[in-house]
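Next up: the structures, one after another.
Across the two complexes that follow, subunit A remains constant while its partner is subunit B and subsequently subunit C.
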Partner chain A sequence: MEQPGRGAPSPRLALAALARDTALAIDGVVALDAGIGGLFVTAGGGESVAGVRCLAAPEGGYDVALRLVCRLVALRVLADTVRQAVIAAATVAGFQLSTVTITIADVVDETA
Partner chain B sequence: MAETTTRASTQNSESAAAGPGRLETDRGTTSIAEVVVTKVAGIAAREVTGVHRLGSTVSRAIGAVTQRLQVGDASTQGVNVEVTESDARVSMSVIIDYGESIPNVAQAIRDNVVRRIEATTGLHCAAVDIAVTDLYFPGDDDEPDTATTAA
Partner chain C sequence: MLLLKALARLVELLLMTAIALTGLGVGLYCFSLLISLGPARPDRLLHLPVVRARIGHFLAQLAAPGPTATLAMLGGIAAVVIGLGLLVGLLGSRRERLLVVEDGGDGGLYVRQRTLGQMVRAETVLAPGVTAVKRPKVRLARSGRRGHVKVLAARGSDPDPGTVDAAVHERVDPVLEPLGLRGDVRVRLDEPRAAKEAS
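Moving on, here comes the complex of A and B:
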């Protein structure tokens, strides 16, 4: 028996992909990091988005967390820029976000 | 030579005065991994004239092994960082070019590390402890001994 909704794109995965693409479009963000063991992902329906974790928030909407690999720039400013961009993109796409947690997981040493 | 470590707290940065400590916002938190601060500190130290390389002979030997196993990173070698919510404390071992003033180079390292960490991460750099583990003589191809001198 086919499960209802099976095969339909997961809103959580769509949000994770949107957050990933938004973050990667910002100058200074090099990549996303899936963490130790590659477990920092949003997964479902056989697909996954690495470096982004979307969880349903208790108050409704979603808590989004991203692990970023960045260039050596002002990291807090960059994190705030990413947060604002993700919130804006998600709002336009019709998602309600509760929090956007940014972890600077690594930096790229361009002088090496 | 007996190891002596110089410790100097830095309380005069503008960002520290501005109280950048907390990384929380009303829409989520920002956290910075220790490895990030470690890399920034290592890069900042290497920028200083007179610094031949970071790390002691032992740490570099271990680092060479870990890098071959792809679990280590040259940019973090010889640097240890403790990060709290708002502060970073750095300790590092360096090998300095023979002929340079060790106190001057140590101070330049300290200043640059503090400046880079505070500018890049927004953390207050509370201390930079520097251990000068050896001197490098031009023409030395091998690693120098592990003797340590005061910074």
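Moving on, here comes the complex of A and C:
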């Protein structure tokens, strides 16, 4: 298997960072959540992206999972928006995605 | 809970090692009754005669009434509490409870059980006439595909219960229905507030 050169981020890390930035740019998403014990991350080469997990899918491409902290919005609509945006951004960047899984980890009640 | 789990793992490892070593010693001792192991006497290796000499006196005090027995009883109670805590740490579910909203070929959508309660509470508080809301109880099916949310809200003496109930449903139903959850909304009179309003 071809290994990324020293200094260059791995494709998984690059994809995780892209998914994180794309999700955070969407209205309704407040933050990403690293899960219990901060273990929900994509890590490699001394770097990590919290709240996103990218794995190589068995059938090719990548399985991307995100844990979102969002505002009180319609969750299905938000999840669809995030999924479509991540797929579009990944396609432009040359990544093929197999699945995009979204977990709503927390909500922020801004009226409180 | 996380600390309890880590502690349970550590104690589990140490305890298993101790039990394994003791078991090995006892096994060798039993074996030595059939076949001579020469100078390698397991009971001597485990220093069992020394242990007996040291704790024999304590065991005698333990059997008799007195301060040692009280101390032992407190120790026993503490051991039971610690044991129960470790059992919770070992047997408690390590997976967070999630509602499965979608689980298709292109990915899924999951919502944490705790988050569902937060959402329902936040919406209920905003319903006109609601003065307080208890933390909603969310119960999910083992499959995570169905669930039930129990909401207990309090209202003032005005407006009437029907109006408040309808207002709560108006806020909560749009949250629950798209997620396939059933809601059980109960609105009760906030008696201290009602009494204050009446006086």
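Here, the second predicted complex is superposed on the first by the 108 of 112 C-alpha atoms of A that agree within 3 Å, B and C clash if a C-alpha of one lies under 4 Å from a C-alpha of the other, contacts with A are read in each partner's own complex, and residues count from 1 in each chain.
Convention: a contact is a pair of C-beta atoms (placed from the backbone, for glycine too) under 8 Å apart; a residue touches a chain by one contact, two chains touch by 3 or more.
What you see is a predicted model; the values in this text were computed from it and never measured.
Once chain A of one complex is fitted onto chain A of the other, the partner contacts of A:G37 are limited to subunit C, with no touch recorded for subunit B.
Within the superposed three-chain model, A:S10 lies out of touch with both subunit B and subunit C [touch as defined at top]. Residue contacts after overlaying the shared chain place A:S48 against neither subunit B nor subunit C.
By the touch criterion stated above, A:T101 is placed in contact with subunit B and with subunit C alike.
In the superposition on chain A, the residues of subunit A touched by subunit B in one structure and by subunit C in the other are 63-65, 72, 74-76, 79, 83, 99-107, 109, 111-112. Residues 36-37, 63-65, 72, 74-76, 79, 83, 99-107, 109, 111-112 of subunit A are the ones touching subunit C in the complex.
On subunit B, the positions that touch subunit A within their shared complex are 20, 23, 25, 27-33, 35-36, 39-40, 43, 46-47, 74-75, 119-122. Taken together, the subunit A residues at the contact with subunit B in this complex read 63-65, 72-76, 79-80, 83, 87, 97, 99-107, 109, 111-112.
Chain contact summary for the complex, subunit C toward subunit A: residues 2, 96, 98, 101-102, 105-112, 115, 118-119, 122-123, 125-126, 174, 178-179.
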